[in-house]
Amino acid sequence: MIEQFLYASPMATVVLGALVLMLLANSTLTLSRLNLIAVSFLGLSLILQFSLYGDKSTAFLFETIFGDTFILDDFASIFDMMFTAGAMLTLLINNDYFKSHTYFSGEYFALMLFSLFGMMMLSHAHELLTAFIALEIASLSVYALVGYHKSNKVSSEAMMKYIVLGSMTGAFFMLGTALIYGSVGSTSLTEIANYVNGNSLDNIPMLIIGATFIMLTILFKIGAVPFHSWVVDVYHGAPYPITMYMASTFKIAVFAIALRLYLVDFAPINSFWTELLQAVTILTLFGGSWLAINQSLVKRMLAGSSIVHSGYLLIALSSIGLGSKVAAPAIMFYLIAYFISAAGAFGILSFIDSQSKRQMKYEDFKGFAQRRPYMALMMSIFMLSLAGFPSTIGFLGKFYIFTSAIESGQILLAGLGILTAFISVYYYFKLIAMMYFYPSEEEQKVFPVNISTILIVMMALIVVWGGIGTTLIPYIPGADGFMEIAIEAMSSLR
Amino acid sequence: MLEISIFSILALFMIGGSIAMISNKQTVFAAFGFLVAMIALAGLFAMLNSQFLAIAQILVSVGAVVVLSMLTILTVNAQSKSLPQEPNKTKWIILTSILVAPFTILLYKTLTTLPDHFSTMETINTKVLGKEMFSHWVLPFEILSILLLSAMVGAIVIARKSKKKEDNTTQTNSRERSRP
Amino acid sequence: MLSIIVVLPFFSALLLGIVYLGNTKAKRYTFYTIIGVGTPMIMTLLSFIVTYQVINGSDTLHTTLLQWIAIGDLNISIAFMADRLSVVMISFITFIGTLIHIYAAGYMKEDEAYGKFFAYFNLFMGSMLLLVLSDNPIMMFVGWELVGLCSYLLIGFYHHDTANITAANKAFILNRVGDFGFIMALALLFVHGAEGGFTFEAIATHISAIDPEMLSLIGILLFVGAMGKSAQIPLYVWLPDAMAGPTPVSALIHAATMVTAGVYMVARYSFIYVEIPDVGIFIASIGAASALFAAIIACYQSDIKKILAYSTMSQLGYMFIAVGLGAYSAGIFHVFTHAFFKALLFMGAGAVIIALHHEQNIFKMGGLKKHLKLVYITMFIATLAISGIPPFAGFFSKDAILVTAFTSEHYIIWGMGTLTALLTAFYMFRMLFSVFHAQAKEEHKLQALPKTMTQPLVVLAIGAASAGFLGLNEAYGGHALINTFLSLPDMKLHVSHATEYMLGGLNVILALLGMGLAYTLFAKNAEEAKENTRFKSLVIHTFYIDELYDILIVKPLLKISRLIENIIDPKIFDGFINLNIWGYLQSAEMFGTLQNGKVRYYALYILVGLSAISCYMLIKLEVL
Amino acid sequence: MMDHILSNIIFLPLIIAMVMGVVQAPVKVLRLGAFFSSVVTLFLVLWLAYHYDPHGGMQFVEQAPWIQSSGFTYFIGIDFLSLIMLLLITLLMPPLYLYMMHEKRKGYWYNMMLLQTGVTGAVLSLDLVLFYLFWETMLLPIFIMIGKYGNGLRQYNSMKIILMTILGSMSMLFSIMYLGYMYFETTGVWSFALQDLATLDFDAQTFIWLAAGFLLAFAIKIPLVGFHTWMAPAYGSAPTPAVVIMSSIMAKLGIYGIWRFGFGLFETTLIYYAPTIIVLALIGLLYYAIRAITEDNLRRMFAYSSGSHLSLIALGIFLTNIYAWSGSLYFIGTHALASAGIFLMIGLLYKRFKTVHISELGGIAGKAPKFAFFFAFFALSIAGLPGTGGFVAELLIIIGAFKTNIWIGVFTATTMLSAMVYIFWMLQRTLFGTANNTTEFSDLNLREVILLLPLVILLILTGIAPSLFTPMFEPQLSLFLQDALHAIGASK
Amino acid sequence: MTPDMFFLLASILFSIGLVGLVSRKNLFVLYMSIELMLSSVSLLLATLSKVLDDTSGSVMALLMIGVIAAEAAVFLAMIIHLYRENRTIDSDTFHTLSQGENNA
């Protein structure tokens, strides 16, 4: 029983942190202090997660009480760690940002932790309604966060769009759940898996339709075309920390449930979606790169490109349906890769914003390399990683994804993926070009050593190390380490 | 027979209310339509022998949500001139109805694959529901509270008047500011 | 010994070049002269020794310097071979070359780039010797090309004047056109006939293995090379322009080296041409045409060096008649004699030019007989020699060629040759009389000539007068020494002495006729030809061949180049790429307009997606 | 040092660059470091060449696991092909650094060192993914060099070269992944090592597609006609060191790639492409040459010249006989030296005149004889003058072409003519005649002569004594050829 | 009385919600449409609960009501905020984030 509590402790810490921060919101503590408190809660949670990782004697938390609604497996733990780490990174890297923008208040941290809790719940959910509520927790908090800059029309507008569209598609999740419930008689994933395994694809149309509606919600959350239109606007409107949080962490959270559903429970009927997913993937790849290619704001470009990255993930997803073995770890690896690279890129943008209070356009990056050589170098590394340039982690991510597509015989998708990867080179390299190819009117600025910059440097190193890293240095996982994690996570997903 | 006619009336109210809701220009009328639909829904719940659900629907949806909406509408106090001009409303409705049609058909057709009779089941009263809820649905129930809590915090954050107006950087791109 | 002959000039050229580049301003007249002129002297000595060895000893001398390349069957060494043909060549090349060097030491004395000049000159000699002495076609080709390069460098020696460089370019590029044929011939020869190695001797023994058609092709292609180097129709246009270089250069190019390489090459490959007499006739025809053509043009030229240039071309035509008709020895004999009198003519002309402060128009000279007595006498001898007046050298060699043409029953060729002989005498004496006899238009202030410039003339004059006796054939009481010595696979023709005398007599008469004509027209008062008839204007403008080349080749090339620059690259290749990019950006634009910021529309897209998915499921699941 | 000599050669410049970057070395130290690294690698390579056994196969092999989960290995080794490329790279670097000695911008030096690592790595890699990594890595410095330090429309041109070459490498990546996966499917083990993948056997159609992926990358890099529009702008805009590397090394890497990977993996399939590529190469030979005639910008002119000659080299490879192959291989070396020379000369010219436009030059020979000599020498070696290595190579290729087909031979032989026309016309307008400007022109100084001399000496040496160099590659090349011919014969 | 009628009703309600959501500009109507969609799912769940003879459906319907309430809170807060800032509840007036506006 005690160990059950232990297993619950990471999430409990997060909730507790949320509650504490909520109560402290109106106290006299400064934002940095609150940030520190939030981070320490997260850190505690992360430490707990680390120490609990791996030795799961039970499959479900409080099975006697909760039933099989809360699963404990490495898959969920790894996602938990990623979320927690993502939230911590977001909070730490943006420390300057909070200080320099007056509209932040104490509730911000509470909401962050609430949404984190929702995501963690999502990765552990083994029951559809729980998953839905968890998703709602995460989403509602993020809605509020997106509109946090309230005096700003753009921010409010982004929030409005996100709420309207998010709620709209959220309803489909529930509709799907209802249909599955109608079909199976239960919403427990265990039951569903049993039911699916016991029936052939032909005689469970209702379940399939329900699952498709759930997939629609997921497609919306990851920004697949034609459910993509919110992405660019919301990413643009949201304050940088939130954009970073959404692009890196929230997107992964959606995949946590998606993978659980489609890898385990709906695995036998995955082939049903193949053509659907292929169509959506093609649309997503092109739509995303179309959106990314003629943006003038870097943030919007990154938003558009995040759609393309969703497209790559969808390639792997449809490969899973066709029986690819490497696809599942590939998705996981890609998520890690994208998480680090995107977080880094947004981190730098947010750093710049906190220094100079501006949305960066491409033109604003002219001469950046001269003013801030290190920042430019790291930005280049993140851009290269996003573009899938070899020697970065992004390359390996793409490599695995495309290999999985080849494995499942989806040569066309692999080809299109490579084509869009090629196109993406243009808009990523354009930024590098802007940074390096133009002289600066100003002198070189001092590289500020603080927690944000140190973390950005570390992430840049991880991006490179993840791309070329070997077992040369023990305990620091290079590409192999990440791949091991990915494989381990996927193998626990049974 | 009686049941069918009650159902028909309720369904009529529901659909009528919903249609009124989506077609009325005046927000208040739309809200009334919605109110009617929600009340009718409570009735439908009752017809499904889910008394507690019906009560909850009345209490929460009608009593809290809709009333809150009404209050909000009154707070906002949108005059008819400040209401959105929607000259193409009908066109849009027709267009979307056509688009929605396959979905509706799909949904309905799928659902009809289920047994076409109700099981003779006991009334789902508070006791049954409570027992079920605290035996199998503890976790969703618990996290629902967190959902409500976070929604509350979120709502407060959103609705709270913004403290200052000066920090408007994300929107403007004034050239005077220093380069990054 | 052989290696030294070839390698020495290269080294001295290198030495001169480095010293010159080390400090271009420094005057090192003595040093340059010693190295520059000493080298050919040593070479001359050595080649006489080699010649002596060949005459007295074994048939051919072989030396291998180093292995050049060994890939597959292509096993080429930098190796030299001195057989009878090549020793004849090297002895007069080095001898006359040396004289020209000595002459140049005087001629170029005042030039700033004196050291550079001798570096080039030595390089030229070296290349020519490499060409002549190499024992395999590839090395011969290397020499062949280097000769072309040196001619480029020397023709463009006065590089401040763009016209000179243009002339040099023209020379090199046209040579290169010839080389294009040459290299193809070599490649084909190698591909089809290199079983036993790729030296001249090895090829000669395996020649029968090659399919005759292929052999003809090879023969023609080889001759294309010769055409370029020896300035035959249609690749001759560089030759007149090549007069842009300093006069010793012209002398070297026209007399001893370069242009004769083509004739030498055909003789060297005589083992091929023996197998393909039809190609030989083709060569002879080209030669005859060139000879006549050049002679006609020469009659109307007024630049002293151009006249000589066209006369060279004309004489080369004779040589090709000979080698084409299988009389290789006769061809080489004419090369030999021609070297003497042509070198003499050029050097004389150079002397005149120097004396008159770089005046080259013969009609502005006149009356130099008294002032430049030595030059006049030597040039007179040379003119007699070239016109074919016995007993001077030209008569015997030219006669041998015409006899061959006549007896092998190619009467048209013979006729053209004979006509050319008449014209030759005419234009040569026209030049001579205009320069030395005719009344001077103005008073000349003559510049004194150094001895280094005049003395070689004497030596050459002796040669021009007597060289013919080496090839005196039976009809004239000799033993055709050169012919027997060369032992080339000549066509055996039986010629009666009567015929020989008849033809010889005819030649002499014609030559005297031409001489007389020239005397009456130009000896007293020389006037420049006027473009008063269409024919004259055509000839004076050298049949507009340069312009023809311009229209047919240069302009189209430039046009194509501009077409690529302006249309094909930017419009087609880049156009294709840009079209794709444009299309992509256009679709991005269109897709971007969907992003209109209105949430209703966004919801609509989602609804459309939903609708599509629903339809998909309706169909796929057959729920309807 | 000698145990992992190849790794040392690859990574020494990178490590020095990184150390310099970390310690924020001032530019004086930086350039000494760069020069030092280039000299050390040169000596290492010379040591290597001395100990290299021309009859042995792959030598000095190092293999270590890299990313094990997907079978990437750190697999490098050297054979005759890589040795020649490696020698070229390391020979060219010290003169380049000498050339750059007065350069004060640090980025220049960092980029050059990174570039050296990139090209060296690409030459030595035997693992396809490793090759791809270096192949892409060498693009980055070029991208920055052109875009940052170039001239003209540098940003646009830089983007253009990057995009076009990456298009090629992406297609190659696709083929690499496909091959790797197929190996996995056949054997159950992941591997991207060349010799492993060479054992794969597919149906002809698949091979054709896979080969296309590789060939596209190489065709763009070379570039063959139709894939070439990046070339002239990029060469025109790039700073001299970048141009030298691009024309001397990177373009040759396309050829190297065809040899190593094309013939290593798809001998039989290349027959399918041979006619197309031969035709493209023959067109390119003339097309570029004709285009070069009217080009006014010297860099662009020699870019086209480079294209013309690289087409010839590519042609040689697809003729599959010993003459053409040795010719191509020989040409890789000599053309690298000659084009390095000429682009350096153009760089020196630019330093003096601030222009590379022929119409603004003229009369240099009168002002600076030494400069004129070197300039003319390199220009003539590019034109394949006998006595320089280019002639040997052209001769071999022409013989090889005639061996294959008389018509191919005839078109190939036009190389004798094509280069002449533009080079001599160019010489006429730059070196000779009267000057079209009044700029004071100082002749070459000692440093410049020293940096150019090795190239001159090597070019002459390769010209007059090819037999010094051919034994280095000939035995293995013929074996390689026999293998290829055997495979081709078997497929027929 | 058959479940089919309920199903039909639920389907129609959900669709009406969708139609309202897409075709209207008034934020209130948008809000109510979403509530309607969720409510129709509630109805569906309750019906299924009865059809399947399983209480879970009803519980879920109940929990759904909670979710609806939560959404309502956020949504209404948003409307208030937007109205306060912009004096309008027209969703179409918020289009500063469009592609055209940001790529001038």
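Some notes on this structure:
Per-chain residue numbering starts at 1, and chain names A, B, C, D and E are given in the order in which the chains are listed.
Everything that follows uses one rule, which is that a contact is a pair of C-beta atoms (placed from the backbone, for glycine too) under 8 Å apart; a residue touches a chain by one contact, two chains touch by 3 or more.
Remember, predicted model here, so these are calculated numbers, not experimental data.
Counted as hops between touching chains, the shortest connection from chain C to chain E is 1.
Comparing mean CA positions across the assembly, the chain most remote from chain A is C.
Set against the C-alpha centre of chain E, every other chain centre is closer than that of C. Interface comparison, B-E versus A-D: the higher count of C-beta contacts falls to B-E. Geometrically, the chain at the heart of the complex, using CA-atom means, is D. Separating the centre of chain A from that of chain C, both taken as means of CA atoms, is a distance of 78 Å. Rounded to whole angstrom units, the spacing between the C-alpha centres of chain A and chain B is 29. For the pair chain C and chain D, the distance between mean C-alpha positions equals 37 Å.
For this pair, chain D with chain E, the centres built from the Cα atoms lie 64 Å apart. Those residues of chain C in touch with two or more other chains are numbered 592, 595, 597, 599-600, 603-604, 607-608, 610, 617, 623. For chain E, the set of residues touching two or more other chains reads 14, 17-18, 21-25, 30, 44, 48, 51-52, 56, 60, 63, 67, 70-71, 74, 78, 81, 91-92, 94-99, 103. Pairs of chains meeting the touch criterion: A-B, A-C, A-D, A-E, B-C, B-E, C-D, C-E.
Note for the complex: chain C touches chain A at residues 584-585, 587-589, 591-592, 594-595, 597, 599, 601-603, 605-606, 608-610, 613, 616-617, 620-621, 623. Remark: chain C residues 17, 20-21, 24, 66-72, 74, 78, 116, 138, 141-142, 145-146, 149, 152, 156, 159-162, 165-166, 169, 172-173, 176-177, 179-180, 183-184, 187-188, 190-191, 557-558, 560-562, 564-565, 569, 573-574, 577 touch chain D in the complex.
Across the complex, chain E meets chain A through its residues 14, 17-18, 21, 27, 30, 34, 37-38, 41, 44-45, 48, 51-52, 54, 56-57, 60, 63-64, 67, 70-71, 74-75, 78, 81-82, 85-86, 91, 94-99, 102-103. Taken together, the chain B residues at the contact with chain E in this complex read 3-4, 7, 11, 14-15, 18-19, 21-22, 25, 27, 30-31, 34, 37-38, 41, 44-45, 47-50, 52-53, 56-57, 60-61, 64-65, 68-69, 72-73, 75-76, 78, 82-86, 89, 92-93, 95-97, 99-101, 103-104, 107-108, 111-112, 114-119, 121, 124, 128-129, 132-133, 136-137, 140-141, 144, 147-148, 150-152, 154-156, 158-159, 161, 171. Only residues 164, 226, 228-229, 232, 287, 290-295, 321-323, 326, 363, 365-366, 369-370, 373, 380, 385-387, 391-392, 395-396, 398-399, 401-403, 406, 409-410, 413-414, 416-417, 420-421, 424-425, 427-428, 431-434, 464-467, 470, 474, 478 of chain D touch chain C when the two sit together in their complex.
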